[in-house]
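Here come two complexes built around chain A, the first alongside chain B, the second alongside chain C.
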Partner chain A sequence: MINKKGAEKVLSVYWFAIIVLVATGIFIMVYNFYNYPYDVREIEANILLNNVADCVSRGGIINSEIFSGNFENDFFSICRLNFSAEETFEETQYYVSLNLSNASLIILDFEKGNKNLISSCGLEKDVEKNNLAKCVQREFYSVGSNSQSYLIKILTIVRKTEKNVN
Partner chain B sequence: MSINKKGQLGETITWVVATIIIIFVLITSIYASSLVAKSKKVLSYDSYEREADGIMTKMILSYFLTNGNGQADILFKLQNDVFYGNAFAELNKIRNNLK
Partner chain C sequence: MNSKATILLENIIFIVLNLIFLGILILFIAKQGSGAIVLEQNYAKQIALLIDSAKPGAIMELNMEKAYEVSLKNKYAFDKVVEVDNENNLVRVKLSPDSEYVYSFFNEVFVTDFTNKNGYYVFTISKQ
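Entry: the complex of A and B
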């Protein structure tokens, strides 16, 4: 009888230990999952590209300010962009390159932001994908005031690896 | 005495095995949760189906605003580029509205 009581006590301590173990496991699982940041760099690069595209061409018509000659210098104010990131980053975390051409004639070709980020583009297959900056490139046609079509190429890159990948 | 001892040993082994299984399931689940976090928390435009594409819309509007070679260039690009929406369905919709 005494032996049975002792065994029950040992068993309840064991069950308590198992409950603590399972609870700790669940806590670690939830912590692991929610502690991992969302990687939104590709979406951020797409948003940046869409903003630049909207600035260059609205409703299929090219922004007339492009031909003013100051577009490159006033790019940030005209397109209402700001490349400053959180204080944790010392270097600029963004890059934009814009190329506008008509047939074979290049009308506008410039780049803004951190040029070192270009090296990340096209390397996705060789190096581990997540640690590289995300590149998005798209090109489209837009019409000028003279009804001529212009080809616009935009490349945007977002780094911010520390904030998006553990 | 011997039978009792054997019974106790059997019971102990059962609990030890059960504990090992519980620990194994927990470790697997913890590892799986970190793997799921790594793969599911990468968000991109391809992660979900989209019907609208701003760049595509710009090109379609440009198509109707130009003519001749320009229109042919735009049509060629609409045929060959990959968009997040159906370019030709959108093009035909606008074309029908303009009729």
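Entry: the complex of A and C
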């Protein structure tokens, strides 16, 4: 009786079927896991937002260059950003919108990059959300040299879907 | 051979087969995770994000021991593994002569990269 049980453990077709099934399952899982690219778009959008925030307000004090009148035109050189597209992509994969207001008065309101990406924001609950661009939005207050407080709203979007989603 | 010895032998075979099976699975998983293509993508994105978050004046040392091992295995010089294209804002990671992964960064800085010891890369960030 015991011998029979031992023989079954080694030779049973059923046992090998289970082994093959488990191996196939693990193989598929591992293959799928490593076949998907690492999605770093949200981290990238956060870093972009932090860079813009640091450029607009350093240590809680607003950058005086904002009031020079050329901030919008010189945004890329002042904030040291380069949105030029990679060869893989046909158009710019980044978007930034900046809104600076004091009480009810809007001082600065502009957007840079690919405006078509805005349509991706607010659709996070959709099924195929990974194929959409990643949006990060933040609001904070900063103090000007005249001790006035300003509300800064920044929205950054990173697409790069082909490099981050299968 | 008596029945007790047979049971012991069968159990040993059973355990050995299971260990071989587990070993093959672990090897497969480890090999998948340390493949050149996966590592190239991993390092290229990691370096691009590091550059994006860096300020001029920063010096960063990145542990790339896994990349070092893979490049040695593929007979590819480790000092050629990472290439930062400052003109087009691209990070290019190459762990074998036949493959590479490119990822872009948006921070307009000048990056120089070099290896100071085996398995490590140093990135210095300065104004463009």
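Note that the second predicted complex is superposed on the first by the 132 of 166 C-alpha atoms of A that agree within 3 Å, B and C clash if a C-alpha of one lies under 4 Å from a C-alpha of the other, contacts with A are read in each partner's own complex, and residues count from 1 in each chain.
Quick note on the criterion: a contact is a pair of C-beta atoms (placed from the backbone, for glycine too) under 8 Å apart; a residue touches a chain by one contact, two chains touch by 3 or more.
Bear in mind the structure is a predicted one, so any value in this text is a computation, not a measurement.
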| item | value |
| --- | --- |
| Chain B versus chain C as contact partner of A:Ile61, first or second or both or neither | first |
| Which superposed partner A:Val13 touches (first chain B, second chain C, both, neither) | neither |
| Contacts of A:Leu123 with chain B and chain C, given as first, second, both or neither | neither |
| Partner chain in contact with A:Phe76 - chain B first, chain C second, else both or neither | second |
| First, second, both or neither for A:Tyr94, with chain B first and chain C second | second |
| Contacts of A:Asn50 with chain B and chain C, given as first, second, both or neither | both |
| Which of chain B and chain C A:Pro37 touches, first, second, both or neither | both |
| Interface residues of chain A shared between complexes with chain B and chain C | 30, 33, 37-38, 40, 43, 50 |
| Partner chain A, residues of chain C touching it in the complex | 3, 6-7, 10-11, 13-14, 17, 21, 24-25, 28-29, 32-33, 35, 38, 41-42, 45, 49, 52-53, 56, 88-90, 102-104, 106-109, 127-128 |
| Contact set on chain B toward chain A in their complex | 15, 19, 22-23, 26, 29-30, 33-34, 36-38, 41-45, 54-56, 58-67, 69-71, 73-74, 77, 81 |
| Residues of chain A defined as touching chain C within the complex | 2-3, 6-7, 9-10, 19, 23, 26-27, 30-31, 33-34, 37-38, 40, 43-44, 47-48, 50-51, 76-77, 80-84, 86, 88, 93-94, 160, 163 |
| Sites on chain A touched by chain B in the complex | 14, 18, 21-22, 25, 28-30, 32-33, 35-40, 42-43, 46, 50, 53-54, 57, 59-61, 130, 138-143, 147-149, 151 |
